[in-house]
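Paired with chain B in one complex and with chain C in the other, chain A is shared by the two complexes that follow.
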Partner chain A sequence: MENVLEHTLADRLTAHLASLGEQPLAAQRQEAAAAFSALGLPDTTHEDWKYTNLTDVGRLDPLAGAPVIDLSTIELGPYRIAGLDAVELVFVNGRFAPSLSQEWHTGNQFAGSLQHALVQIPEPVLAHLGQYARVCEEGFTALNTLLAHDGFVVYGAKNERWDKTVVVYHLSTGTKEQCWTNTRNLVVAEAGCDVTIIEKYISLSPVFDNDVLEIAVGANASVQHYKLQTRYGDAWHNGTTRVQQERDSQYYNATISWSGGRVRNNLQAAHAGQHCETNFYGLYLLDHDNLIDNHTLVDHAMPNCYSNELYKGIVGADGKAVFNGKILVRPDAQKTNAYQSNANILLADTGTINAKPELEIFADDVKCSHGATTGQLNQDELFYLKARGIPEDKARTILLTAFAGQVVEQVRIPALRDDLLEQLMKELHHLQIEF
Partner chain B sequence: MSNNEQDILSQITDEEYKYGFVSNIDQDILEKGLSEDTIRFISAKKGEPEWLLNWRLKAYRHWLTMTEPRWQNVQYPPIDYQAISYYASPKEGNKLNSLDELDPEIKATYDKLGIPLEEQLLLAGVAVDAVLDSVSVITTYKEKLAEKGVIFSSISEAVHEYPDLVKKYLGSVVPYTDNYFAALNSAVFSDGSFVFIPKGVRCPMELSTYFRINAQGTGQFERTLIVAEESAYVSYLEGCTAPKRDENQLHAAVVELVAMADAEIKYSTVQNWYPGDKDGKGGIYNFVTKRGVCMGNNAKISWTQVETGSSITWKYPSVILKGDNSIGEFYSVALTNNMQQADTGTKMIHIGKNTKSRIVSKGISAGKSQNSYRGLVKVRKSAAGARNYSQCDSLLMGDKCGAHTFPYFEINNNSATVEHEATTSKIGEDILFYCNQRGISQEDAVALIVNGYAKEVLDKLPMEFAVEARKLLAISLEGSVG
Partner chain C sequence: MLSIKNLRASIDGKQILKGINLEVKPGEVHAIMGPNGSGKSTLSSVIAGKDGYEVSGNVTFNGQDLLELAPEVRAWEGIFLAFQYPVEIPGVSITNFMRTCINEQRKYRKLPEMDASSFLKLMRQKAALVELDESLMKRSVNQGFSGGEKKRNEIFQLAMLEPSLAILDETDSGLDIDALRIVAGGVNKLRTENNAFLVITHYQRLLDYIVPDFVHVLYNGQIVKSGTKELAYELEEKGYDWIKAEVNAAV
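Entry: the complex of A and B
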């Protein structure tokens, strides 16, 4: 039955493709259509999707897209981070909202929409787009390549240092019939470039976001990337981030998810040169019927690289968290240092944690380790605080703040860190009441 | 350095697989192929009751509906199940009453393996059940064990003598529907060991089975069933060897353990099937299903394994912690060299309250081998206060080998505490330098370090086995250092 449905979908996608006519991405989209008809959407028999059931998503029609929204009704104020000097880009349901954004284009720096970038800086865009997130890897990536209308592009030429932080707001809102968005994003930091990007995901009503972001980090370049899903309501999110690092480059990622949603993040970084550094930080807080599924991979393909990963989660009643972190050290990637740590606290006995920290190692002169823990709040620590006259609920908040704070502390932008800490306190309070 | 270690090291240089001989025993070998007739033949040959034949046939029919799993991290060409002979036994399958009646060739075989079949080796204090190809050859110390009420016999004898017990427990832990190889085993299993420890009895000696594949073109499918009644204790050892051959032979065994309240079962394996030659030709496919269940409160099951042989090892000795306060343990050293592949680990299923499990896995990969740890810790909602600690370390020796860790954690109870740690590294150059500096040669130093690395697991083995296991580790690493 399902096959028949997917088959008709594939046919409709091919028809959709034909209707687009000649355009710069036609060849990629053609390839994506073929890949999707071969792959379809994954289900729980797929090892990578074992713990995340996509039956609900399977019922949605990707071609229906999402409704066009009247931009004058949107108020960005509540989502802004105070005290941050930023270039703001706003996408509503995968479409660029020029009236809410300030596009940035100097000679060597560009921050704006993909459609504009294809006109203004076609060379770097076409050189990198579709190179790292391959359509043959997964049905979702193929669908995104096929259907995405727009997305953000940040480009820094050689040795450009960005003074401003690029903040991208992804707002999405759907209706019962139209609730599928695709956003296709690209970051290119050429050799020696230094750029910071904050992505904020905000959903106003139930919707399914299927996003792909490719990041090319040139030699000696540094990219700091924050992905915040901190006001995510009742939405579904599938985000694929593929990072390619050249020699001596640095990539930093912090993925922070709370306040609802069913979220799947696929974060992968691959090393194409020596002496790369990769840092992944993650924090997830959830309860109710929410689901947060983080899949990460650091692909050590070259010698002398370093990676570090820390993911922490707090799961309340009926929440389900999935963590699947993988360190892959390919043959000849000698002198690799790779560390991974995942810690979880279960607040209620109706919460679920599925963790799978993997190591796949094909080189011998390496130092790799991973650790994973799941538990509750330490009773001794609670007792210690209570013995000093701190009431139970406050003591719990102190301990949970300390636990989650370890990740928030890693945020390198002071204004953002303060903002997140404040939200974290509210969020913990909320989880505690639930508890 | 002690003399013992000197011995180990001197053997490093001049030994290969020393159990690779073939015994020239008259054997009955069933024609190759698998059908319902094969199963009827095996069953008839053993004079089995109707219920067992029907159970086998049900398993076979279920097996036909299954497909061979492909998710494992090992590679091998497809197995032709029709090209295997499912039954081989030494001729004159009459029951033996004393050792004198044993075919001298068989006795010589086990002598070469260094197994104390002889009663005069009383000091060794080990009761042995020896399984050659498909049938159990002889069981020693039967009378002495019978005094205590302990039943230790081949499973085919047990079917006749204790049908109620066998019927009750056979397939109760690993049902024939469990997986592809368990279904195949249930259909064609030829023999194995049966152990029953009655209530309150502490088994006075270590029980042991030696498995030996001798005939060519055969598969070995044995089944071990151990039942410990309330407050009983037993320690059980198994050892395995096979001749050198260019073909791959399939070994698909099933081991079931049942521990009632307050009972303890300790199961140790030293697995040294023929690993194939340097180019990966030949060797045993060791696809085994091992599972124990702690039925009652405070029960304990402990698996210890030293895996050095087999071209492919693929098994996950598991414990289902059903009784409250029950304990599951898994200690493993898996060593792969040359072209060997291993995908091994454990499953700990916490169901009862305050259940505890501990996993210590040490992988050593050398040559061009691939060594994977794959484990599942599952804490059900009912398992309040469950506790798990897992540690899996990998040691890499050489730049062509691989070490992989795939731990799964599925936690559904907030009072559970689960901890996992894993490290991968090679032998530190500083440690080697320290040894070299003190006049210990490179090769000696490596053997020393590997034994130290695996010590935590080796210490869990009964003493006689620990010595053997240490030697095995050193031998299997021969030629990989440099």
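Entry: the complex of A and C
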């Protein structure tokens, strides 16, 4: 994508870099600038972006940023999950909001902003930041690295078990001209550490969030990670999550998206040691010209690892869902067990679903399976319920709740599970009305 | 109670019911027998209100035009179909399912919702009637149930909803002799002067337990012979060929 606009953008990015002066991430940002001028932003000719047209994003000015918001106008109450013992971190347009957050720093645990982490725990941050989400791989990642001002960092030293759940609120609110945010996030769980993180994306007005999160899961460590895009009306989102797992580690992810605008989630986990376990769960509900695109990759590079993936979607009128789930089993990854399943229900003819499971297997002693289904609501099930006296709309809601519920059931935090189930009913009701 | 006149039904241009006439009065048990593919399940589906059929003729239920009503309204009015092949519904527990059914019915009848403890008591009592294991109550509807468990679950639901007209579509198929006795015993306990049963079966055996007032033979979309329970013995002994021969001779 060599064009005049990007040449000028490249110049402006260079100038921006110079204006930052001396800072801890200078070298990475320099590298990112070079990568971005080579890569540009992907368009639909790019295989990975075939179904997700970002031409409109290309017209936004990444340097314009998003406005600085008066924090006193922000009320967290409605977004809180009841009954959860949490450390809360709030970011508004990619900037840390200390007055709304409780930063957490004990000797061996840290939950707070990247800017503070660079000062307080520079060693683990600099050892991991930029190691897994490589700037040379994608233009969006390069831009994020170049421009991100702040983000959240969660760090647990060896054998630290967190009692509290870290809840990160990403609030965003922009204007037509100023709507681009870049948040750069990092989770480091050292050997034997156990931590749970909930990310909640909330959009208050149109924005484009271009976020990167790197997660390093040390040997025998366990990271549970929820990404909730459930109040995300007008937002555009490109979020890249890169997970690196050392031996005997566990990574669990649940990505729940509804009332979304245009959402692209890139979730990738790679195994750097044996006996890793990776679980990916996803649920997406959409209609109304909304788009939700989940691209996932489990990179089995080592023997004796296990991965399991379940993504489900319900698409109403004019909604567009993309699921691309890749399982890569490299030659050394013998005795891999990798399972993937994607199921979709289409509520209206005007909805579309592009589901593409991809298995690339280069080892011979492996157990892998995948399945993708797309269909309407089962008419026999519907008739069974109606014949017992349940009206059509209620019967539909019951069946859809049961379908989606199989993902929500996988949520391991009871308070969150209840909260999501309650919201799910409302969302489904909304989709039904649209239907 | 139920009056069917010249009922015809076709699906995808294929005529399946070809003029059915049947009168069912409160307190009666009617057995319907007939060879595979003769239209027995189609008749039950049409009465219960499954869509997809092109239907003509006249069906009234307690004086109402049944064909005009949505399936859920037919259920509230007192029609119940025990399915030949009960559907598995993953993710919907029997308890929640039954609670919804009961409360929808009560809403229609302008009764308040049933409170949780009375509901559970009712569940327990009705499950005992068909000796349905209580551990099944927490499971999803029919999911992973054995053939016999599915059939018992149908009769359990029947007992919960207390319909005035129950259609049992081959509820006895796939039941072992003990289960058959239990299920039939359950049905007999539910019989009153005010309700009626339409029992579809291939086996006279069931009719030893649920003794019918009438036996009808459905063949090729029509009721070609009606009689008393002796007709069932005759069919058991001789099969359907003689009836087919009679029908074909008449044509």
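Structure notes:
We adopt the following convention: the second predicted complex is superposed on the first by the 433 of 435 C-alpha atoms of A that agree within 3 Å, B and C clash if a C-alpha of one lies under 4 Å from a C-alpha of the other, contacts with A are read in each partner's own complex, and residues count from 1 in each chain.
Basically, contacts are C-beta pairs under 8 Å (C-beta built on N, C-alpha and C of every residue); 3 or more make two chains touch, one makes a residue touch a chain.
Here the structure is a predicted model, which means the values were calculated and not measured.
Superposition of the two structures on chain A shows chain C fitting alongside chain B with no clash. In the superposition on chain A, no contact is made by A:His429 with either chain B or chain C. When the two structures are aligned on the shared chain, A:Phe403 is found in touch with chain C, with no touch to chain B.
In the superposition on chain A, contact of A:Lys356 is made with chain B only, not with chain C. In the superposition on chain A, contact of A:His46 is made with neither chain B nor chain C. One geometric descriptor of the composite model is the angle centred on chain A: between the Cα centres of chain B and chain C it reads 70 degrees, in steps of 10. When the two structures are aligned on the shared chain, A:Pro391 is found in touch with chain C, with no touch to chain B. Comparing chain B with chain C, the partner in contact with more residues of chain A is B. Residue contacts after overlaying the shared chain place A:Arg161 against neither chain B nor chain C. Between chain B and chain C, the minimal CA-CA distance in the chain A superposition rounds to 12 Å. Shared contact residues of chain A with chain B and chain C: none. Chain A contributes residues 378, 380-381, 383-392, 394-395, 398-399, 401-403, 405-406 to its touches with chain C in the complex.
Those residues of chain C lying in contact with chain A across their complex are 48-51, 70-72, 74-76, 80-81, 83, 86-87, 89-92, 97, 100-101, 104-105, 108, 140-141, 157, 161. Of all residues in chain A, those touching chain B in their complex are 47, 331-332, 334, 344, 346-376.
Across the complex, chain B meets chain A through its residues 71, 381, 384, 394, 396-426.
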